[in-house]
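Right after this note come the structures.
In the two assemblies presented below, subunit A is common to both, partnered first by subunit B and then by subunit C.
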Partner chain A sequence: MSEIINHAFLFDATRCIDCRACMVACSVENNIPMNKTRIWVAGIGIKGEFPKLESASMVYHCMHCAEPDCLSACPVGAYTKRSDGPVLYDPDKCIGCRYCMNACPFGVPHFDYDKGLIEGAFIDKCTMCPQRIDVGLAPACVATCPTDALEFGERADLIAKAHARIQAHPERYIDHVYGEIENGGTSYLILSHVPFTELGLPEIGSIPVKEVSETVMGYTIPFALGWSAVLSAVAAGVHLYNQKNEKRSSAEEKLEDSK
Partner chain B sequence: MTSTLSRRDFLKMGAAGAAAVAIGTMLPPKVAQAARQAGLINAEGDGTITSMCEMCVWRCGLIARIKDGRVVKLEGNPEHPHSKGKLCPRGQSGLMNTYDPDRVLTPLIRVGKRGEGLFRKASWDEALDLVASKMQAIKDQYGPEAMVFSSTHNLSQPLFENLLYAFGSPNYGTQRSLCFNAMITAFLLTYGIEEPSRNYDNVEYILMVGRNLMEAISTSETSELSHAIDRGAKLVYLDPRYTKTASKATEWIPIRPGTDSAFLLAMINVIVSNELADCDFVRKYMVGCDDIQEEMSRYSPAWAEQITGVPAATIERIAREYAAAQHNALAHPGWRTSNFINSFQTERAIATLNALSGNVLRPGGCLSAEIEAEGAGLGAPSQPPYPRLSALRLDGTPWKYPLVPLKLGVFQELRDAIVSGEPYQAHGWFISRQNPIQSLPDRTKTLEAFAKMDFIVTVDIIMNDTAWYSDVVLPEASYLERYDPLLPVGDKAYIRQPVIEPQGEAKSALWIYKQLGERLGLGDYFQYEDEEDYIRQQLVPLGVSLEDIKAKGYADMPEKDEEQEITFNTASGKIEVYSETLKNAGFSPWPTWEEPPMPASNEFYLLTGKVAQHTQFGTQNNQLLHKYSDEPKLWMNPKAAADLGLSSGNWVEISSPVGKAHIILLVTEAIRPDCVYMTPGYGHLSKGLKTAFGVGASDSALHVTYTDPISGGQALTQTFVTVKKA
Partner chain C sequence: MKMSLTIQPRFRLPLIVWILLGLMGIALVVALVRYAVGIGPISDLSNSYPWGFWISLDLFTGVAIGSGAFVIASIVYIFELKEFQPLTKPAVLTGFIGYIMVVISLLVDLGHPERIYYMLIHTNHTSVLLEIGICVMSYLTVLAIEFSPVVFEGIKKDKWAHFIHKFIIPFIIIGVVLSTLHQSSLGSLLLIQPTKLHPLWWTPILPVQFFISALAIGLGMVILESTLSSRYFKRGLESHLLEKLGKAIPVILVIYLISKFGELLWAGDLHFLFSSGWMGILFWAEILIGSVIPMIWFSIRRLRQNPNALLTGAIILLFGMILNRFNVSWFAIQHPDPITYIPTFMSNVKYIPTLPEMAVSIGIFSAGILAFGLAAKYLPVFDNEPEKTQY
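And then the complex of A and B:
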């Protein structure tokens, strides 16, 4: 293990040139099939009218949340959050239910519809390259980034670095480090010159979605018991009503027949 | 086209092949033996080996991760000045060039008609004997000049040149006139330097004229530019297209194509008429001080506004800002500068702006002498002098193009002379690592030239279009499978070495040229046992062993004497903004305005350019790059598209005076309404490229051939096209 306590990425959209070296590096490092990817590019493309144009792109992959919703939603414990950052996924435990896909506010986990349940590999997402960080290397995407748009290190240091960068160039950046508090804090931190929503990031509070969902889910049993009584009563009522109708219609039929 | 074949599948296939070889020989293969002896890989064949990238000409240092005798990952070498630990998308994808399922892995001899793609496998002996006998027959019947040799800039080129000049042919085709002739010729004539290197350490103000460094990536320089912008340096970027570089610029100026030199001359006008230049530097080192003010007086910003469409006030402000940054200003020399006949003048104006800012060849200045001198300071096998060349060069250098350096040449003119048979007919063509069918303008004419040939042989790693139309294809080992001559950079010499065994029957260029040389009776020009022996001879003056440089990746070169006095390798020894050489050759001695032709009202300028995922015409079949690059489309401004009733996704037909192409339209604000843009390198003819075939269209099929009489550069953007719904 490296000396870093809590690994994180810092992405600076002002530096990204959308060259996709990160995507190729990830593909090779993690032996990703030719029709799959763990990194994709989001952003505004080219906005405005010639010649007043603006552009921004973002390298998108797993945010490695401190409180991962995928982990919370997984019914079989296929997800784990390592104390030093990475959110990992175990294909041997996965049953392919895709709850994690619905749970992730960032839309990161992808289901492999080509393989599906039969071949046994279901969900794919960025792992933070544990095979590299455990020997002190940066993840493949970060290591090769020609403009240092991607950086890697201790989360607290990167947060301080990001704020220092905003302070040095307030005219350049939106005054916020995305991921510092979002969803309870993520290990992917983002600096941008355009609104974060334009980079494809959700507007999301500091309370992790899973905390809300787990609180709500805590009421499930009493709530369900209460509801079941109500629903049973309603169902019984409906049943009686239907029976009454059926009797009536059969009586009418008889009447018709006798005519 | 999306392939469903995974890389894992390729690895499995290749591993099976490797296992078969190992059982057959019982001894570990040569690369593994050497790497094991050097302690680079363990008994299982796992480890790392240092080498150099060849996905473009920047030549980054790389570290290859090897597992079970296969390369599984490439990393940038932190100790190499061109990579500094990074690789671009092409560098990262390099192993897919090597493991391309379309690799040519045995010598091939054509059995069908040219272009039909029917070949049979042959042994090296049979193929080499055939090539040598055909070359000899052409020499005996028509003279050595009837053989044309062409190759694109690479590390084994000195040995290629040995083959060509020992054979006795003057006809040497390089890609340079399609690329940087204007830049190199202008800087040679002004500074006596081919390509000055750029220093971004202290730069505050950068002027780039179509140098799309954020997409035409040179890893270390792209990184330095990005860091400079990050630090707060200003970037003014001239390009008719909103490239990724434009998106990072402080100011993007979508100037009218072909008018860059008017913009730059007006900048010079503002600087000299207001005496904003570094006077001490200029007086001491520049020829033309006394008259430049007078000479440039006609190029006022108001005059330039009429031509460029850029407001005079903007030009004046940029000139003043540039001058205020003094020697921390940099006017970037550019790279591919084959745009218009007047691109040479654009480059002369850029050279002048750098002289005026005093940034040249001084400590902390932004421009200095070239860093690479190939082969300098290294040993070489001894060899006899070349035979005397008695024939004219078909490309017109120097008898038609007196100022074009011989090593650059005029490739498109060479092709035209093959077609016309003037001043004499060529009969054979030896092509190595080059794809003239895709790279030369006017593809139909290039195919005509091919049809004139009695014999064509191509050395390549895949079946590119040129190989597809050849009579013999010789399979070269990829850059991860072979040695090349050493590359000196600064105070070190770097090695390219095999990180895996060559697959199939593939062989290095050093081996192929030597084999051919010996069969042609020219063995004295190839006095090395094998590739390792060649490098050992190179290392002699350094006192370093092959084993050491293999393990370390580089060897230290003897320190050069730091030159105290600034000198320029020109006739006057100064910076020749006023050039007697140009005057004597009948050209303007001053950087000057030459009006470029303009498209008719229904025509567009056809722009060419780069994407970060591809290098010219050679990487489109790389499955990883194919996976991560956008589908090639024709860019058009919404105003122009509305006028033509076209929208995004339409199939359109582009027509130029020499050809037509069909392609999908992309309507985008990122281009001037009078221009369209195509990414080059697509529209391959070879069905031997299963990933690239059928993708996009070729701009080479549309480009008209125009040659600058001074630099010999091809004018690629001087082609005007019409577009209609297909």
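And then the complex of A and C:
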């Protein structure tokens, strides 16, 4: 196995049979409690009339964005983006503000609402199983998938593979690989036979949602300095003007008195 | 201060104080339960609604209504309109107490309140929340310094009060800069949600709109808080000063309305005004109550000169502006459903704040009112007070 520079998943919705083995595998691998999960398999139900039925399901976990919005939003820097793909979360830094949950356009990070101060309430999300990929294994969800709906590998290779699959079966797929450009590119690529919005994926352009927020934040320090200068100048100006006026009026008073 | 020689048979607290203490007690119990078992059992917050009532009321509204302090401070100290001096101390006190309330409520809302100081040691410079956190902490310090002369006067350390007063201008300027930053940054907090916040509200100039509306809210709060405290503490009302403040409100609101509708026009979002169902109604309600009606109201001299009408106008203005804060931080944000994962506007994921959740906010608010009352009673907050009234 050659060295992978940028890990990614490829999910093919036409292959997913909604068996949810990935959810189980993930929970076992990462020791997730029974009432929690890092993966959702979201079914959109069965459509059509018997015998012509159609269904779709979507395996949902962290998209591992190239430019993560959670990372941008976190006030204490609890998120990191590894150069080879995974977006990781450090519970030792987290203050539990839940701003990352607001920032993530995919609604991925989730919070321990059932934990008090002593147990400690943290954010949890998919980690791309670094303990496995570091030794050359695929993440648990991918390794367990019985239909190869989930695949894992080098991002560029998977994109090429996805496009090749669309070209081989143009009647089967929507001609788009979700995640190739969405939100600045994600490490979770999706092929589908139904519109992506029906799978519950948001419509996002190629610009990460954090863009405007980060641009505005960039102006903070220059603005603070400039505004301080302006206010000081105004305060000094007004003060001098008032002093001058006072002097003049007192001088005029004296003048009038001497008359 | 002369001792009151009225014979009191036993120590009695007014009924209102008992009620406030009771509400505080309930909030304390709820907070303890929350610390023991987590946020989930006492609130309706969920992975779809990570922020709810506490953030909208305590953070967004709390900070907004604390803006009176910096508005009055800049009028009096930067523009040297000394006639407004009598309004300064109560406004700074309101701001100081208000910001303490914000911090206390955040300590309930945060998952790890004991780590709040991490904001100072692990800093992520792209985070708007970090800026707000640091600004609020610093501004709280500045407000404490601005208010300290009153405390020193109260404990008869006039020299210390005089000393602080000598160096007050730099602190006022720092305070105004910090206020500008975090009042506008509350708007920036939502910039990261362009796909979640309804396009009637999401705009890159949200921070500018937040700052302009904070100015109007500040003036409204000064009118409200001066009028109410003059009634409760039975002291003279500076109605001529409040009338002048009222005059400035329409000017600010016109600029605000231009920023609101100008942006919608610029972004080509005008069609959302009449095609967004509930969202459109909320938007129009906020614009009418918070901007249009107060703009007309405060333009009418006869209404400005009547203390009752002035108070009513301020309440209408504040109500509409608070609706705006609730809209941007709660009502107009779409939340993905974690089960079906179909993003929708407030439809399939429900969030209804629970009673304990509201009890926390109400308790903290009661503590604020009580603190204001105590400070007003025992510290020289109001200048040249008429004779103290006994209750």
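Things to note:
Operating definition for what follows: the second predicted complex is superposed on the first by the 205 of 259 C-alpha atoms of A that agree within 3 Å, B and C clash if a C-alpha of one lies under 4 Å from a C-alpha of the other, contacts with A are read in each partner's own complex, and residues count from 1 in each chain.
Just so it is clear, a residue touches a chain if its C-beta (ideal position, glycine included) is under 8 Å from a C-beta of that chain, and two chains touch if they have at least 3 such contacts.
All figures in this text were calculated on a predicted structure; none of them were measured in a lab.
Of the two partner chains placed around the shared chain by superposition, subunit B is the only one that A:C145 touches, whereas subunit C remains out of contact. More residues of subunit A lie in contact with C than with the other chain of the pair subunit B and subunit C. By the touch criterion defined above, A:S55 lies against subunit B but remains apart from subunit C after alignment on the C-alpha atoms of chain A.
When the two complexes are overlaid on their common chain A, residue A:D134 makes contact with neither subunit B nor subunit C. Of the two partner chains, subunit B is the only one touched by A:V24; subunit C is not. When the two complexes are overlaid on their common chain A, residue A:I46 makes contact with subunit B while staying clear of subunit C. Applying the stated contact rule after C-alpha superposition, one finds that A:P33 touches subunit B and leaves subunit C untouched. After overlaying the two complexes on the shared chain, residue contacts for A:R15 are found with subunit B alone; subunit C is out of touch. For the contact definition in use here, the residues of subunit A common to its subunit B contact set and its subunit C contact set are 114. Against subunit B, the residues of subunit A that register as touching in their complex are 14-15, 17-21, 23-25, 27-29, 31-35, 37, 46, 48-51, 53-55, 114, 140, 143-148, 169. The residues of subunit A lying in touch with subunit C in their complex are 40, 42, 44, 58, 60, 69, 71-78, 93-99, 101-103, 105-107, 110-122, 199-200, 202-204, 209-210, 212-214, 216-217, 220, 223-224, 227-228, 231-232, 234-235, 238-239, 242. Put simply, subunit C touches subunit A in their complex at residues 34-41, 45-48, 50-51, 74, 77-80, 109-116, 118-119, 122-131, 133, 169, 172-174, 176-177, 180-181, 185, 188-189, 191-196, 204, 207, 333, 335-336, 338-343. Those residues of subunit B whose C-beta lies close enough to touch subunit A in the complex are 2-8, 11, 72-76, 85-89, 91-93, 95, 214-215, 217, 219, 222-223, 226-227, 230, 232, 242, 244, 246-248, 252, 254, 612-613, 623-625, 627-629, 637, 668-673.
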